[in-house]
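Below: a set of structures, written as structure tokens.
Common to both upcoming complexes is chain A, partnered first by chain B, then by chain C.
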Partner chain A sequence: MAATADTIFDQHLTARAFSLTSAFWFAFATSIGMVAAGYLIAPDFMANIPYLQFGRIRPIHVNLVLFGFVTPGLLAAAHYYVPRLLRTDLFSQKLGLMSVILWNVAVVSAVVSLSTGHSQGREYAELIWPVDMLVIVSFALVVLNLLMTVRRRKEPVLYVSIWYACAAVILTALTFSLGNVIWRPDTGALLGIPDAILLWFYGHNVFGLLLTPLTLGLAYYVIPIVTRNPLYSHTLSLIGFWSLLVVYTHIGTHHLLQVPVPTWLKVVATVDSVAMVIPVMVFLINIWYTAKGKLGEIHADIAGKFIFTGTIFYFFVSIQGSIMALPQVQRITHFNNWVIAHSHLGVLGFAGLSALGGLYYILPKITGKPLYSRFLADLQYWLVLIGIVGFTVVLTIAGLVQGNSWFAGETLYRTLPEIHSYYVVRLSIGLFIALAAYIGLYNVIRTIYFNPGEEA
Partner chain B sequence: MYYPYFIAYMLSGFVISLIVLFWALRHGQFRDQKRLRFLPLADEPDPGSATRVTRMNRWEGFVLLGLACAGLATTAAVLFFTLYRW
Partner chain C sequence: MSQKMTPTAVVLGSVTILAAVVFVVVFWPYQQADYTPSEIFRYRTEAEAAGRKIYIANGCVYCHSQSIRAIDWGHGATRIAQAGDYVQDRPILLGSQRTGVDLSQEGGEHPDDWHIAHFINPRYTRPNSIMPPFEYLGMEKIELLTAYVQSLGMKAADKRMARQRFWKEESIRAYEAGIDENVRWLAEIVPQGWRDIPNPYAASEYSLARGRMIYQAFCIGCHGPVGDGMGDAQPWIYPPPLNFTILKGREISGGIIYYQLMNGITGTAMPYFKKDLESEKLWDVGNYIAAYFINEVDSNGPPRGIDAAYEP
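Moving on to the complex of A and B:
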């Protein structure tokens, strides 16, 4: 008997809840980002509202994008494709729903605690201990659900997407616990240089071992389907997976080349940052060869379009990352807006676009109805694309202006008037991304709850 | 000891990876690679239901390629610029 929209609706509770989570927090996070961008133009913007001070708004924006928007979007897709590829059902939809609820409690707690000034003051690890524990328990529930699904599989051999999805949640549960120093609840930190080293292992890995594997797993699932081509090489994909594990786990110290950490560690971090070319190109060669000759088909499919564009941004952000780890290049590019351009390119351009693609891929499958509006999804694609390209260009130029000024011995305050106009353009471009987020939220809600479309 | 934490961190990742690698070897996870290439396609609808490709879709692809080339050129220029300064 063919599944009706109602039964499909019930089968994918977890994926649907993660989809809504992602769409909602994307809109919220970009709105907060707009406020933060406003501060960079007018430093006394909203200065009388303590909850919205720049020092509080900035970590809220970062944590919301990471844990509110991108990760749930990618997890929504993972909770759909993991059971499909294993030819079984998700271990427990109730457990999944519980993990989503707890996840949202953690994200709300993060917003409240950070806006009321409760921060541990470590970049990307600002959340206080109780919120850390909520995040860890949420991750533990996701790990349990996915691993039990793997255990009950009917497909004996694991497709590469399964490897990536499981590695992402397991390694991040570990990374998050260690990086946030959860055995020291009062400070969440070690002392001195060891803390800086540990923090940047965490700071880099929370992106590299969470967003990257989840995104690659999604691309390996969706691109073959959209192009109706088999994956170019599954063996190559596994080589990419294992080389990512070997190379990525200890490159965080490239954030600390100006700091008195042991030289051998800087060398390891720099060499492996350059070596990242191997897993990156293995993935890209595999995916692009899979998509070879099918550019039209990819752009005819809204999910394929988002995810394929994400792979192009992956190429650029990875090339940048390898180059930026070189001390000679970093003299100009570190501690300025270049890095902000790089992080937006990675988190929004690569992982964010792919997460949106994942949502648009699974929404018709988990609701049993077509997407509410393909036009709105297309509009969102172009707004985000224009936004991220504009962001990258503007912030890269601003970063080079800053880097060169400091390299030439100029004092910091004299560079501020020079980059002011770039900040204005940045805020304007940010409007595109914020608008795209609200359009996406509307489209997702309409698709799930108020969709007049025929059953697929 | 000065840096026990990141050594513990790296070792834990390494040990977990090794355990999983040996599990994969023992359970035949590196066999059957040709069949696995087709796995995502296994339960998808028939090709007849594929979305129709329009001329606009092809143009979007070319625009994206143009953007990618521009990005590549810019990356090369920036690399040259930063190294030239040095």
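Moving on to the complex of A and C:
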């Protein structure tokens, strides 16, 4: 069968649906982020609209960027490269489409339940039990589809991207169930300090076992193709994969260094947060050596550009993370905007940029037509880049102001006027990111549905 | 070597690693957890537990921590958190941001009326606050929320609450006995030594300008823009915020004002400011009230100390 645009279209139903999901929720989530940021400047502006109150929309923003934007974006790419690397088709497009639909039902339910005050009050695990179930079933469908695809493979050797994609969805399905304490539907929580330990084991592994492996898998796939270089070292990918699983999973307690949890746990978390440089640098050396001498190619390819920039942010956020896990440093950085800077650097700068790169890589392949507008994609790249660097600078400064003032004995009320102007700048910079998200949504929709471009 | 990475190896290997990690860093601490209550521990009442649910539903946890660290100085930093404080908490609400203050020892910091005004709109009692207003909850839920907040700190909070209730009765009695009696009572709770001191700093232009800034950032919501006690918080506060204009000719010294600002007036909504404001700022705002609202300034009068180096 000749690969006309139509058959390509049908072949990639799932990837296409995940792409649209990601692009849509990116726009929605940043809009919510703008409202949240607005609250911190003018709390009376939208006073007494319960479902827009800061405490309710903050978890919506966070859940949406994690499970609406970044994860679906990375999954879209995975549903393209996994079959491709295995020289087969996706096990079932119908199953895939079902997983996307259910996924979106879960995300919509999350928005509705959180905005109406149905929350379990545990950061990153606030969704109520029925929504948890939806998420788990969606994950299970994705796992099933990918594993069955692996079973039907015509390529005997599994490339590193496959390991990462499979491990990410399987392990996250497990940690999600565990972290949300699904055997206790009413509260979704343990009692006392162990609840905090479990929560941060899970919360940390949203980044460590979901976003990071999916992103690394994508980079391992795209960077060698874009640079037309073979992967620098398969040994390094092995070391990177297993060390990531061993080290990243057990350091969640670095979120609890100033809380009465057992000291040995804190010691382990701190020491091995520093040891995170091993999986991080192993990956980066591998990818950066693969790209060696080919920066021109990367610059010329929009997907390569996004993803390579993501790896640079991976370097920064991880080194920063290792430093932030030191108790001496956390005396200043904990509890304030420093951490918010780190979060955006990681989730947007590293995983988010890479997810966008993934979309731009697969879109031409899954529609059979070139990207609707390379210019808009470039524009989006620069807007997000300016946004994320701006966020990092401004929020880090605000965090230092807060942390140092408190450490010097100033009360919190006195630091509110001190950080006000940084909050204003943050909101303004947020405009860049929100604009970028809408531009991306437009570009994705035009590429898929109203693309005047010639068939490739 | 990659050939050895069969699907089975990848799946079983990673699940095994995860299981081992969960066993060591989640299950083991869970097994070993010590649920011995701390010395301040007590169980919550039904109303307090209901308030906690409202706290969770409205995401207070994203702005407020409930865990005092060894390095803290600020709000509630009278007691470092212990594992035994949390043995009835499901979920535990430690929080990860301090956009607002730590609330683990909030109970009894203020009387109930302060909290109610603050929940209706935080700017009423704290003009610079960025906390969202919670008027939409309705009075019934705001009262439950207040009950919960007043229980934070458990037995330590109960002690403070007993103090608040005692002085609340006293202050209401004085207020209802009329202006003369109220002003007499207010002065009487100040130790004699302080009552005799005039404001030691000259009511210079500079001092008044600073006093004005402080008044607007801390006091205006209660005492009002013209010092008549008709700030936005007034309808929710009883005894109502003091009308400064009645103080003229009643021998209100700088020392009385300073002392009341420093320690607050327990039982009334009047908070203490000694943690928020350094000494000179308290004297400055005292000068400001005296000059603009009471219209009677005793600053820098006898007995005088040494002049401040910077004063003209």
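Just so it is clear, the second predicted complex is superposed on the first by the 454 of 456 C-alpha atoms of A that agree within 3 Å, B and C clash if a C-alpha of one lies under 4 Å from a C-alpha of the other, contacts with A are read in each partner's own complex, and residues count from 1 in each chain.
By our rule, contacts are C-beta pairs under 8 Å (C-beta built on N, C-alpha and C of every residue); 3 or more make two chains touch, one makes a residue touch a chain.
Please read all numbers here as calculations on a predicted model, not as lab measurements.
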Quiz item: With both structures lined up on chain A, is it a clash or a fit for chain B and chain C?
Solution: clash
Quiz item: Between chain B (first) and chain C (second), which does A:198 come into contact with in this model arrangement: first, second, both, or neither?
Solution: both
Exercise. May I ask you to decide whether A:56 touches chain B, chain C, both, or neither, giving the answer as first, second, both or neither?
Key: second
Practice problem: Scan A:108 for contacts with chain B and chain C and give back first, second, both or neither. | Solution: neither
Quiz item: After superposition on the shared chain, which partner residues are touched by A:39: those of chain B (first), chain C (second), both, or neither?
Solution: second
Practice problem: With the two complexes superposed on chain A, say which partner A:296 touches: chain B (first), chain C (second), both, or neither. | Solution: first
Quiz item: After lining up the shared chain so the two structures overlap, which partner does A:97 touch, if you call chain B first and chain C second: first, second, both or neither?
Solution: neither
Exercise. Name the contact category of A:235: first (chain B only), second (chain C only), both, or neither.
Key: both
Exercise. Would you check which partner chain A:407 touches, where first means chain B only, second means chain C only, and both and neither mean what they say?
Key: both
Exercise. State whether A:424 touches chain B only (first), chain C only (second), both chains, or neither.
Key: neither
Quiz item: Residues of chain A touched: more by chain B or chain C?
Solution: C
Quiz item: What residues on chain A does chain C touch that chain B touches too?
Solution: 156-160, 170-171, 174, 178, 190, 194, 197-198, 201, 234-235, 238, 242, 245-246, 249-250, 262, 265, 331, 407
Exercise. Spell out the residues on chain A that touch chain C in their complex, using ranges where they run on.
Key: 39-41, 43-44, 47-50, 53-56, 58-59, 117-123, 147, 150-151, 156-160, 162-163, 166-167, 170-171, 174-175, 178, 187-199, 201, 209, 234-235, 237-238, 242, 245-246, 249-250, 252-253, 255-256, 258-262, 265, 268, 331, 335-336, 339-340, 402, 406-407, 409-414, 416-417
Quiz item: Mind pulling up the chain C residues that touch chain A in the complex?
Solution: 1-3, 5-7, 10-11, 13-15, 17-18, 21-22, 24-26, 29-30, 32-33, 35, 55-63, 65, 67, 69-75, 81-83, 86-94, 96-101, 121-123, 126, 128-137, 217, 275-276
Self-check item: Footprint of chain A on chain B - complex, ascending
Solution: 2-6, 8-10, 12-14, 16-17, 21, 24, 28-41, 43-44, 47, 50-54, 57-58, 60-62, 64-65, 67-68, 71-72, 74-75, 78-79, 81-83, 85-86
Exercise. Provide the residue numbers of chain A that touch chain B in the complex, in ascending order.
Key: 81, 84-85, 155-161, 170-171, 174, 178, 190, 194, 197-198, 201, 220-222, 224-225, 228, 230-235, 238, 242, 245-246, 249-250, 262, 265, 295-301, 305, 308-309, 312, 315-316, 319-320, 323, 328-329, 331-333, 385, 389, 392-393, 396, 400, 403-404, 407
